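Some notes on the structure that comes next.
Naming follows writing order (A, B, C and D), and every chain is counted from residue 1.
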């Protein structure tokens, strides 16, 4: 453990001497840094989009799913009995948090868009409305319908499914797109860093040859390149991530009410960001190591 | 020191070197000649294990090179100083750093005074801080020679080390190699320059090897 | 015109002789092709997302916006007069395609979710409902409200704005994200192709030097590199675009009804795709040309 | 053909070449000598406009190089064949293609028979299809010489063209250059090899230029 820590420290600080044997810069270096930065930048947005889509899907299903309505319209003399029967059924239905009959004024408010505020509700043969609040897990609407049919034939369940389904599907698809692009971006980044490392090593054929001929160990040569590239890729990715995070944090999140959600990170989601430079560095490390050892294998 | 037993080598299209046997005793001084394209560079590459023989056996410091691991070959090269015909450097490091490179990669301390003295010997004191691409052809060869000897190697292999330098400078470089040989180092110089061989023979008991018709010959006293 | 065509043809087919002076491949070459392909691939998806978001915004606003409702509730004797007044007003309102009073059965269907199908609608003092169909351009709801107030004090306009606004905003933001990532991807691609071209030219310093020293014109040298890189970038982008298009075309588009829209291209939108390789090639052409001329300027 | 008037040059740190004047007449044959690092390569670079003089005036084919555009310099190089000291090639093309490269970039037809004959002259018939990195040091120099003369240039500048080849081969290459000189070409050879100069003087009216102490001297008949 301690040895590993020491190795890791040596890797980072190291004798800067040995780093000097690799040419300091050049276009492939810039290319690596820039690719890592750009791809990390894109990845942050894809990540944000995927989180936002996830939240959106949750909210949309929440907002619509957690309230269902049961309408009881029966001959006037049976109405009250059927309402009580429905409430009794609901009490024994798993997944339902609470249920209550809407008082007249709330029914009136609900109907106002259709009839105006002056509807004389008491004089009308309108049905009783029962508001059902679900638990997070939801309930089984088909089962409930069957039971209601038996206990209160005048009761009709409206679980807003019609409205909910396409919205949730939309949010789900958005999230799918975000995750897919995240995967794509990751794969493309890995391939680019790999190719950039290989290009740099190919361009440094003479350096490798000279080092090998003056008696450098493979380890020494590979390490010098690996350290360079890992730090470059990780640094580039960190810069890209930071820039994107800054932009997301600064862009004023349009206030969206409960129905929409801002594009950005919330709470623990921010913790995903430091992963990006780490992953970029890890890919660079593996790719450079493989490329360096391959280049060395061609030389005695 | 270095021993070849029935060594053959070919790059693919037929054999270039055939059944060569040779024993380089410690402290010996050899020249290697032969027409251009005869295989002198190839022969030297076999000695420091840049190439492995297609047949036969090369023994360096009592170890068969065929059995050596890559790290062991690296260690071996720290004991053999080589001046390559196409003197390659790290173009982003100064001449002084390039000359000190073998010490750097072997993680040995660099004695600045010694480094400067050596650069003075090969006439590169003024070019210490130059970059290799700014050197003239002869200056490159001299820097390569300095790099080959800085580790105090047991064996020095020099491939055409004076091809691009004037007569006075070549005498100076030869003198450096003769001095090292007197200190007990084994020296092999591949060269076309008969005058260099003649003037060396006046200073040291040098033997001349010649590659001709794919075989290694020991040239007579006629040189 | 003809001369330009000849030049273009020479550029593409050309004496393949002169192309041979540039080393055929190497990692920077693969890097260019791959970057172009990967970024084109991402760009296609971003483009698809932006089109889909656009369509979604259109549909959501269409679905909700193109039907507004006017409710007329007045004392029974004035009701018919006010309905006629509203219809008259609507006829002279710009942006309204048609308007009609809902017959009793349609009103009943509308109210069914609340009251059940058996509502004796004739006996109820319910308001008259007028369905308004907008033209594509929409109408000015505030202006209409004012006019209605004057002509038919019992008329209330419900343009569903409350529902529409957040959905349209959501679709708009999605589109914004897609367009922003498109811009980002474009910029990143341009930078990558540029850097890859520069890296390749830096790696080919010896080639340029040798060509210059044996008497090649700058034009000849630059052209050889430019052609290589342009074809590589365009080819890579074409491959990436084709692959992405194929995936979009093949992935079974979940049937979404009128409220949602599939991720993909429709009709003329496909015409955007050939632009991607052209743009990739153009960027490579400009970048390689600039890099080659810069590299040459350092040599006499 | 080529004329220098009070030409000076320095790479930055002080002057390397000072006030050099020279007229290379058509059909003349010159050697250029001087210690390693004296500036021979630099001098030749001034002649084919890879470097522009810091002071003075270089006139090539009756045109001042300072006034030439980049394309005109390219055209000029098609009339001057140069053997560079660090013979560089396009490593992905065969030796034959590299030798024919000046024809290719000038869009001139390649006469295969002539190409093969030239390669035979420099002893590279067997290496025609090899890649440059597979050549030996001397073979590279010979390929570079072949590339320099394939266009039938008016002037041939050779920088140490025999540094890595054996005596017989250097005589053969010298003979090729003497033949071209007899056909009217102007030849300048930078070399350290006094024997080569001596043997050339037996064949042709060669003059020897020497760079010493930053100045150009005409060496006496003592060579």
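One rule holds for everything that comes next: a residue touches a chain if its C-beta (ideal position, glycine included) is under 8 Å from a C-beta of that chain, and two chains touch if they have at least 3 such contacts.
Fair warning: this is a prediction, and the values are worked out from it, not measured in the lab.
Chains touching both subunit C and subunit D: none. Distance between Cα centroids is largest for the pairing of subunit D with A. Here the spacing of subunit A and subunit C, counted between their Cα centres, is 23 Å.
Chain centres here are Cα means. That of subunit A falls 68 Å from that of subunit D.
Rounded to whole angstrom units, the spacing between the C-alpha centres of subunit A and subunit B is 63.
Residue numbers of subunit A whose C-beta contacts span two or more other chains: none are found. For subunit D, the set of residues that touch two or more other chains is empty.
Because contacts link each chain to exactly two others and close back on themselves, their graph is best described as a ring.
Listed by chain label, the pairs that touch are A-B, A-C, B-D, C-D. Within the complex formed with subunit C, the subunit D residues making contact are 49-52, 70-71, 73-78, 82, 84, 88-93, 97, 101-102, 104-106, 147, 151. Only residues 26-28, 30-31, 34-35, 38-39, 41-42, 45-46, 49, 56, 71, 73, 110-111, 113-116, 118-120, 124-127, 129, 154, 156, 158, 166, 169-170, 173-174, 177, 180-181, 184-185, 187-188, 191-192, 195-196, 198-199, 201-203, 254, 256-257, 259-260, 263 of subunit A touch subunit C when the two sit together in their complex. Residue ranges of subunit B in contact with subunit D, taken from their complex: 11, 33-37, 40-41, 85-86, 123, 134, 136-139, 142, 159-160, 163-170, 192, 194-195. Interface of subunit A with subunit B (complex): residues 17-18, 20-21, 23-24, 206-207, 209-220, 296, 299-300.
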